[in-house]
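Each remark here refers to the structure printed beneath this line.
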Amino acid sequence: MSPLLEKWKDYFQKPDRITRRVFVAAKGCCAIEVENLIASTYDIQRLGIDFVQDPRSASLMIVSGWIDDSFADEIIENYAYLEQDKKVVAVGICSVAANIFYTEKKIRLADLVPVASYIPGCPPRPEAMIQAILNLDVPAKKTKKMTYLSEVMKSNG
Amino acid sequence: MSIVKRGNLKNSWYLPAILSGLGITFKNMILNLFGKRKMLTLNYPEEKYEYSPRFKGSHVLTVKKDGSIRCTACMLCATNCPADCITIIASEHDDPSVEKYPIAYEIDTLRCVYCGFCEEACPVDAIRMGPEWQMPGINGANFVHDIRQLAKRPNLKGGVVSVLDEEERHKAGI
Amino acid sequence: MAVQYLTEHYDDKDFVSLKGYKAKGGYKDLEKAFKLKPKEIIEMVKASGLRGRGGAGFPTGVKWSFLPDNGEERFLLCNADEGEPGTFKDRLMMEKAPHQLIEGMLISAFAINSKKSYIYIRGEYEYVAVILEKALKEAYDAGLLGKNILGSGFDHDMDVYRGAGAYICGEETGMISSLEGLKGQPKLKPPFPAIKGYLGKPTIVNNVETLAAVKYVIRDGVDAFRKYGTEKSAGTKLFSVSGDVQKPGNYEVPLGYPLKDLIEKECGGLLPGRKLKAVIPGGSSAPVLNAEEAYRATMDYECLAEMGSMLGSGAVIIIDDSNCMVDLLHVILHFYHHESCGQCTPCREGTGWIEKLSRKIVSGSGRLQDIDLLDKVAQNMKGRTICALSDAAALPTISFVAKFRDEFEFFVREGRSKVKGNIYAQSAH
Amino acid sequence: MPKVHINGKEIEVAEGTRLIDAFLQNQEEIAHYCYHPGLSVAGVCRLCMVEIEGNPRPQIACNTIVQDGMKVTNKSESIKESVKWVLDFHLINHPLDCPICDQAGECELQEQYMKFGQYDPEMGERKVKKRKVVDLGSKIVLDTERCILCSRCVRFTDEVTKTKELGIFNRGDHAEIGTFEDKPLNNNYAVNTVDICPVGALTSKDFRFKQRVWYLQDKETICPGCSTGCSVKAYYNEKGYFRLKPAFNEDNNGYWMCDEGRALYRHANKEERLLQAQVKADDGSSHMAPGAATKKLAAEIQGLDKQKVAVVVTGQYTNEEYDQLISEWLKPAAIQQVYHWKNKEDEWGDFDGLLLRRDRNPNSKGLQDRLQKASLVNDWSQLEKNLEAGQVDCLVVIGPEIQAYYDDMQDKLKLFQKAKKVIWLSSNPVENLVADYHIPMKTYLEKDGTFVNYSGKEQKIQKMQNIVSQALSLSDFAYLIAGKEIPLTGAAS
């Protein structure tokens, strides 16, 4: 088989494609790292994960940045709109532990919504975010070189 | 004040600008189609970056030559930490030349902002920021890393030996 | 010219015993003193310009006049500790003429009206202590000590107290602490011993030679005593000369006697074929004089002080060009580091530091800045402690480094001594 | 009153004060190690050098007495240089132990180096090595390498406790502090040497490696150990109390405190406290909140005949609490049987010559006066008679906060069993206590108030860190038992 055909098959073969749609509620410095996920270096669309604007069509929510009152309401509202097996990923310390800035009111994400996966770091590396999303479920797109989740976890220690 | 250039053909008409933009996009598409190796994307689970030692990743508690923890529980890192995420419990070591060592040294990675202040504050190079990036975990995983995790985790291969060792210091008479 | 004033009958064998001493006119001056009033004796000693022979050179009469006359019990202590390296004159005097010292002390005790006195002798002078004790027993039997001496109604007891070999107990208050049974450490001054000394009572501490000279002030009167010596430093002084001379030993010369003559005439000049390099005029704690200064110097308090050194205890150490000054400084500093009593921080840590620095230079691994550091540490050690031991360690260091810097730099650059070849590079003491 | 010019300022000082006192009284910074106002002058650290006009050599300030018209300065260049160098001499043989030394944070070497030193050290030689971690008995650890030989501890054991246990051995820079053949240093004031030691040479075993000093805050209070009422500083943070140190109190304890008093912080920590009220219900004792338990108790004893109710009080609470107790409960409820529990009253007279008195209650005089004023003084034998006769329906024992000194506790417990209902109030659990109600109380560190010491002097204590916030103070108990609500201001909150 000519390399061209092989390349063609590689890209356009018909996977049982389930696109994992993600709604992003990112704020602050971690938002820039979250944007990296759809940029060219750490492109997660090759894993079948796509960012969408509307929470109703997403089943995974990424939250990052310092949670103040207005942002808290927004998170709760968007969480309600998520599809049925909804999961939330907390990115960075501000949303997880809200401890670094001395304001009188400290809201942690866990106080608002049930959080599925935490990513420590300030800001965490994009690989950590990809790893966090992969931890949550079986990857949407099966490419032939994709090693299964368990091996990935083991190698990472 | 902005300098306004007017009148010449190139920028009074939009088409050349659009075409040059699209040109770049196509150039990259063609390149990526055929030159897969030069592509920028890191296929994360299979390929991984090797970060430089300067990278402020997850902590490493260095060890002495004989394998025991180099930290003397002087609490300077816990004091210097802006996020108060280090808790240390010190106790007496039976060897009088060591005298004090930590029986518990915990870093709450969910509070730590990885700023490296602890590394700067440590007088004896007992704690370092390793090149591995911060490991995420599902809810309920153990984020509070203790001595076993910080110093003896598998990929440290037996612990990182501290640069500043006591024996030389005592021999040199300091 | 060497004089036989104090040391008149030293070569006579039985001058040691009381009988021989009395035959040569002994204890007559005591009777003469009993006739005078104590105040008059103090005035005579003050007028005679007699200065302390131990090291400080403080006028004896003035020291006696500090005593408060509040009727409190007084003590007279004779400082025969002689710890200063290079000094051996007191041993000669006590060995040859113990009664001379006893009579001098009796006259002084009568002058300051003290009932009790001690002779604090150096621990190592064991046989001299035996001689002294024998002389004291003779004096007691002859009624010259104890109650109602010679019918004058003045009673006085005298004892010999042996030290334990610490240099620091040569210092006034160090000796007093040792006598009181405490650790031999100097006491805080003010309150000076004349006001609050031994057991808190007024105490006068004088050197052996000073007390012996008091007898001659009484015997010959002030102007006969002033015949010897210069206007400001009167009387004669015993110098214990040691080092590279033909005939080292004790020589009694009038104060103001030129050092050049002391070396050439009295001591028979240098060893053949050697040239003079330096002279330590007053014991190891005196700053050193180089050859040119030594030939100009005269042996009295004022001239040596002007030259930046001091007469001290009169131990002249002659150094010729075959000695290495760096090694000599290391030996001196090792002595002071070992003898520092450790009470005050500048001296306790400073002597240790400069000794380590000098050992480093002597072992050839020194650096050029170590020489400046040696000087800087010494400068900052002196003048900051309770007693003068830190000055005694610092002053020689400063003078050695200042006057013989080339030898130090040679040692640093070459790693061996300029004079003694490379035998010193390895064998640091 | 002699006048002195210190660094240009004209100051009037009392006759015969030392120059260093004149400096310290007027907040003039002067470096010093061996001088301690409570001890004699040693003049060995040579740091407090000052220049006096008309005196060629700089003099040490601690040994010079102030004369009229003296012009003194310690800010001149040569003095600054001299202090720098003498500090350097102190530090050249000092080991690099700051990470493992307990004194770090309050060490005089650190502080005075930052204030006066700030030089760059040039010492490159080998330091003198001495003995480390020498065990001096159960209370103190000695490290002779850190010692700067300021001889404060030696003078302390010579002059204050007069036991002469510590001394300086060897000579020169090999000199070491220590006891004869490392005999334990365990007189009752030994840990004072740890406070006056400017460096980490003497550290206390009780506080060894427990907590870093800069994590602790401190406040002044009165030691409840005995009736002397020494003023003390308690060191605490949100985790609890860590140690007690003496505070200067001119006429009472000067700069010292006894070692038994030093342990009086442990009973306030969470591990040893009674956290919940224990109420003996019919199905075995159940835990309740202190306030609720008291209210339940108040309802129960409402109907009882007040003559049959007896109250035993110990002298370990504050004056305000006693006033509230009497005015809120005893007086309105007309309870006559109030007894002052004095343990070993006959020995109360003896005194150990320095600070410790046998009357181990801080406020027995205050209680005595108040009972006299309210004419509630009854003889202890009267209580025993009533108990034997079984007339006591309800016995409220306001128990001692510090039980260590109540060694007759067990037979008193047996005596108290005779009452029908026993109510015990104390901050710590009591060994094999059988009581219907055991209500936790606040310790002396968690409430404001005043103690009256043996000589009748009133001294204040301050509220610090609340360990058991629900615990009641005696006045809260009085309000609740009398059926009232605790007033919002909270008499002794």
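Note that the chains take the letters A, B, C and D in the order they are written out, and that residue 1 is the start of every chain.
Assume contacts are C-beta pairs under 8 Å (C-beta built on N, C-alpha and C of every residue); 3 or more make two chains touch, one makes a residue touch a chain.
In this text the structure is predicted, and so the values were computed from the model without any measurement.
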Exercise. In whole angstrom, what separates the CA-based centres of subunit A and subunit D?
Worked result: 57
Problem set entry | Computed distance of Cα centres, subunit C from subunit B, in Å | 71
Exercise. In whole angstrom, what separates the CA-based centres of subunit A and subunit C?
Worked result: 91
Exercise. Approximately how many whole Å separate the CA-defined centres of subunit A and subunit B?
Worked result: 21
Exercise. Which subunit A residues reach two or more other chains?
Worked result: none
For this session: Could you list the positions in subunit B whose residues touch two or more of the other chains?
Result: none
For this session: Pull out every residue in subunit D that's touching 2 or more other chains.
Result: 125-126
Exercise. So how do the chains connect up here, line, ring, star, complete, or something else (other)?
Worked result: line
Seminar exercise, completed: Chains touch in the following pairs A-B, B-D, C-D
Exercise. Which bits of subunit D are touching subunit B when the two form their complex?
Worked result: 96, 98-100, 104, 125-127, 129, 132-133, 208-209, 212, 214-215
Problem set entry | Complex contacts: residues of subunit D adjacent to subunit C | 41-47, 49, 57-58, 63-64, 81-82, 85-86, 89-90, 92-93, 122-123, 125-126, 128, 148-149, 168, 170-175
Problem set entry | subunit A to subunit B touching residues, read off their complex | 7, 40-43, 46-47, 93, 96-97, 99-100, 114-122, 124-125, 127-132, 134-136, 145-147, 152, 156-157
Problem set entry | Sites on subunit C touched by subunit D in the complex | 166, 183, 188, 190, 337-346, 348-353, 356-357, 360, 373, 376, 380-381, 383-386
Exercise. Which part of subunit B faces subunit D closely enough to touch in the complex?
Worked result: 72-76, 79, 90-92, 96-97, 99-100, 123-124, 169, 172-174
